[in-house]
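Each of the next two complexes has chain A plus one other chain: chain B in the first, chain C in the second.
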Partner chain A sequence: MFGEKALELIKELKRCGDGLLPSFNEETVRQVLEEMKSLFEENHKDVTASSEGEQGLFPGVQLRHAALERNKRILLTYLNERATSIAELRWQMGTVLPPDIRSRLAEHELSWLQKYNKSLTAYMRAVGADITHNLKPPKSLLIEVRCTTEHGSIELTSGRTLHLSRGTHHFLERSECEPLIARGIVEEI
Partner chain B sequence: MEDEEDNIFSGSDDEEAMTAGEVLQKLEEAWMNEALSPELLMNKSDIIDCMMEQINEMENNIQRVKTNDLKIYIHKMELERIRYLLTSYLRIRIKKIEKYATAIMMEDGKRDPDDAKLTDSELQFAREREKNLLELFQNLVLQHMPPNMQSLEKDKICSKPNLDEYVFFRVNQDVEGVLVEEETVDNREEVIDLKKGEQHIMRYKIIRPLAETGAVSLI
Partner chain C sequence: MSQYYKNSRLNDDYLSIDSIMASQERVTSTFRTKIRNLGFLDIGSDARDLEVGVKMELPYWLAAFLCNKRRQIVEVETPKQYRAGQREILNADPVVVDLHKLGPHFYKFGSLFLSFQIPESLNISRCLLETFQGRFKHIMDISQNCLNEDLSKVKSKLDECEKVIFALGQDSLKDFQNWQTRESAKLKASKMIIQQRKRKRNELD
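Now for the complex of A and B:
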């Protein structure tokens, strides 16, 4: 039936649930586009035939047109949903994506993410605040963190340097930890 | 030394009549309203700019005072709280703009540029987002579609905020004659008076203008 392939795309997104992005389904998208192409060609044929005087073709044309509209709508929804989740990645993981997630995006989606990054950065520069930080209301100024990787030395805003090695515990200011937590270098305990 | 510490919360030198405390209160109010309303509200750039200045001032003051005093700890904590409030407010707005970029820009296009909901930088962000999204659509699917399917009526397909959502709110000043239900064939119209201090739950659409003027606060 018309539109069935397209519906698979939406079901696939739905099955994956919130925040998890399936690979861009290039194959199915291509099949849907092909279905649209053949629908369009058949319509074109029938419309030409009708204009030459043949009767009773219009219901078919209308049905196919509705199928075309539906396929278009579903494809755009698929892209839009994905684009929203991709933009969300910027908030969860920062500017650098892990390779396994990166490989799930289509090339144009990667460039969408880059452009999104750029406009978000431009916005934050304009207002003068990094809004990807301070995500949770602060309960205390200092928090205890455990270092999970061998990261080496970092410089704190107070000017002190701190050596982060695996398994060590630190008592740091929240604002200083957040970028480290986001990058997975330390975890909150 | 004592003086410096006490000055941490005092305002900057400009002639602004509001005290730092009042600005903070306004920010809290704006933050609550923005977080709870389904649509984007008017920008409060004056409050935000003012608060940004205050934060910078406070930061400088704290840095000048170099002791491990408990007071510093408390001031720093307060600073973190305000910073959270500020970033959270901006974040909520940006998320709404992302969701409804096209709808908001069309709405703003109809009003006086001075009354625009978006600040300049927000407008820039919304424009770029819309453009990039259209580019993505174009590159991945639209250009491969049959010729009569390639156009996009963005005003028809863009998502719009649900103004019929129910919201809780508190009344800040008396308002008379609020139209709750339009007159229909089956029902007579329903009009109520809101009294200061009351709390209600209603559709957002009804109190939309009141939320904007501050006559009610969303809670």
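Now for the complex of A and C:
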């Protein structure tokens, strides 16, 4: 039956569930596009034949058209669903994605993310505030964190360098911790 | 932010994964017009064309396109789970029925199926509504009162849409408890990072 390849894409997204982005399935997307192309060509052939006087081809044309529409819907959903999760990543992790997540995005998704970044930054500049910070209402300026990985040194906005190694406790400014916590490098205690 | 977006999946819309899955359910259809050159769709036969009277299990999206007010290329049968016999069972006690077995998208597919305008439509829609009403209280009850318990047995009987409702109930219960213990004010790592860690740990084991 038509449209089965496309459904695989949707099933893949569903299987992965919330919060995990699978690699862009270029191979299947290509196969779906090929199926659509051949459907379109056959329809084109049949419509030309009909206009030359052949009878009884229209039901077939309609069936193929339904399959075309279905494939289109599924592809659009696939792209939309991924774009939404990518946008969410931007809010959770800031402008730089960890390399293993980044490698799961396709070329066009990366350029989309770049554009999304650009408009978000432009907006934040216009309102004069970083709206991706403090998504939860802050209760204090400084918070205590414990480091969970061997991360190495980072430079703080104050100019001080801080060495993050597993199991160490730090008392840091909240705004500085937020990205570190989002990436799972430190955890709040 | 994402949660509100995902919840909107309860409603039907073009870009909804659940809606796409529901419209993939099969409907038994009989062809009333000959379709030329597409005989290969009927796997059982070698004919070149789809003849009048051929019976096939078509996915809902295709059947709905080929059977409406304007076109009558196929004729559809009511799926078993919405027929009178099953409706009586649901009427008797909706809570004990395994809706997941009756098609994981019982409500959604049911309401999609109503678009065919068959004589039974009114009864089916009433049955869908009453089943939902009958089960809703039970679902809310278990989702609000069981935490840290194995619920997989209860959950396996739920339809996809009920699962969303159940998860919402559980989440709100957890959120409330987190708020009471002041956990909710804490900053958390991104969901994707947490998932990925789990996966890596599994690979190591």
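Here is the rule we use: the second predicted complex is superposed on the first by the 152 of 189 C-alpha atoms of A that agree within 3 Å, B and C clash if a C-alpha of one lies under 4 Å from a C-alpha of the other, contacts with A are read in each partner's own complex, and residues count from 1 in each chain.
Quick note on the criterion: a contact is a pair of C-beta atoms (placed from the backbone, for glycine too) under 8 Å apart; a residue touches a chain by one contact, two chains touch by 3 or more.
All of these numbers come straight from a predicted model, not from anything done at the bench.
Novice: Using the superposition on chain A described above, determine whether A:Leu7 touches chain B (first), chain C (second), both, or neither.
Specialist: In the superposition, A:Leu7 touches chain C alone.
Novice: Counting only touches as set out at the top, which of chain B and chain C does A:Ser119 meet: first, second, both, neither?
Specialist: first
Novice: Per the contact definition in the header, classify A:Phe40: touching chain B only (first), chain C only (second), both, or neither.
Specialist: First partner only, chain B.
Novice: Applying the document's definition of touch, where does A:Glu109 land relative to chain B and chain C: first, second, both, or neither?
Specialist: A:Glu109 sits against chain B, while chain C stays out of touch.
Novice: Applying the document's definition of touch, where does A:Leu156 land relative to chain B and chain C: first, second, both, or neither?
Specialist: Neither partner.
Novice: Name the contact category of A:Ala49: first (chain B only), second (chain C only), both, or neither.
Specialist: A:Ala49: touches no partner chain.
Novice: Which holds for A:Gly128: it touches chain B only (first), chain C only (second), both, or neither?
Specialist: first
Novice: Which holds for A:Val29: it touches chain B only (first), chain C only (second), both, or neither?
Specialist: first
Novice: With the two structures laid over each other on chain A, which partner does A:Leu75 touch: chain B (first), chain C (second), both, or neither?
Specialist: Touch status of A:Leu75: first partner only.
Novice: State which residues of chain A lie in both footprints, the one left by chain B and the one left by chain C.
Specialist: On chain A, the overlap between the chain B and chain C contacts is residues 69, 73, 76, 80, 84, 136-137.
Novice: In the complex formed with chain B, which residues of chain A make contact?
Specialist: For chain A paired with chain B, touching residues are 29, 33, 36-37, 39-40, 68-69, 72-73, 75-76, 79-80, 83-84, 87, 106, 108-109, 112, 115-116, 118-120, 122-123, 126-131, 133-134, 136-138, 140-141, 173-175.
Novice: Per the contact definition, I'd like the list of chain A residues that touch chain C in the complex.
Specialist: On the chain A side, the touching residues are 1-3, 7, 10-11, 13-14, 18-21, 42, 46, 56-57, 59-60, 62-67, 69-70, 73-74, 76-77, 80-81, 84, 88-89, 91-93, 98, 100-101, 136-137, 139, 143, 177-178, 181-184, 187-188.
Novice: Which of the residues in chain C end up touching chain A in this complex?
Specialist: Where chain C meets chain A, its residues are 1-2, 5-6, 14-17, 20-21, 24, 33-38, 41, 58-59, 61-62, 65-66, 71, 73, 184-197.
Novice: In their complex, what parts of chain B are in touch with chain A?
Specialist: For chain B paired with chain A, touching residues are 48, 52, 73, 76-77, 80-81, 83-84, 86-88, 90-91, 94, 98, 120-122, 124-125, 128-129, 132-133, 135-137, 139-141, 144-146, 148-149, 152, 157.
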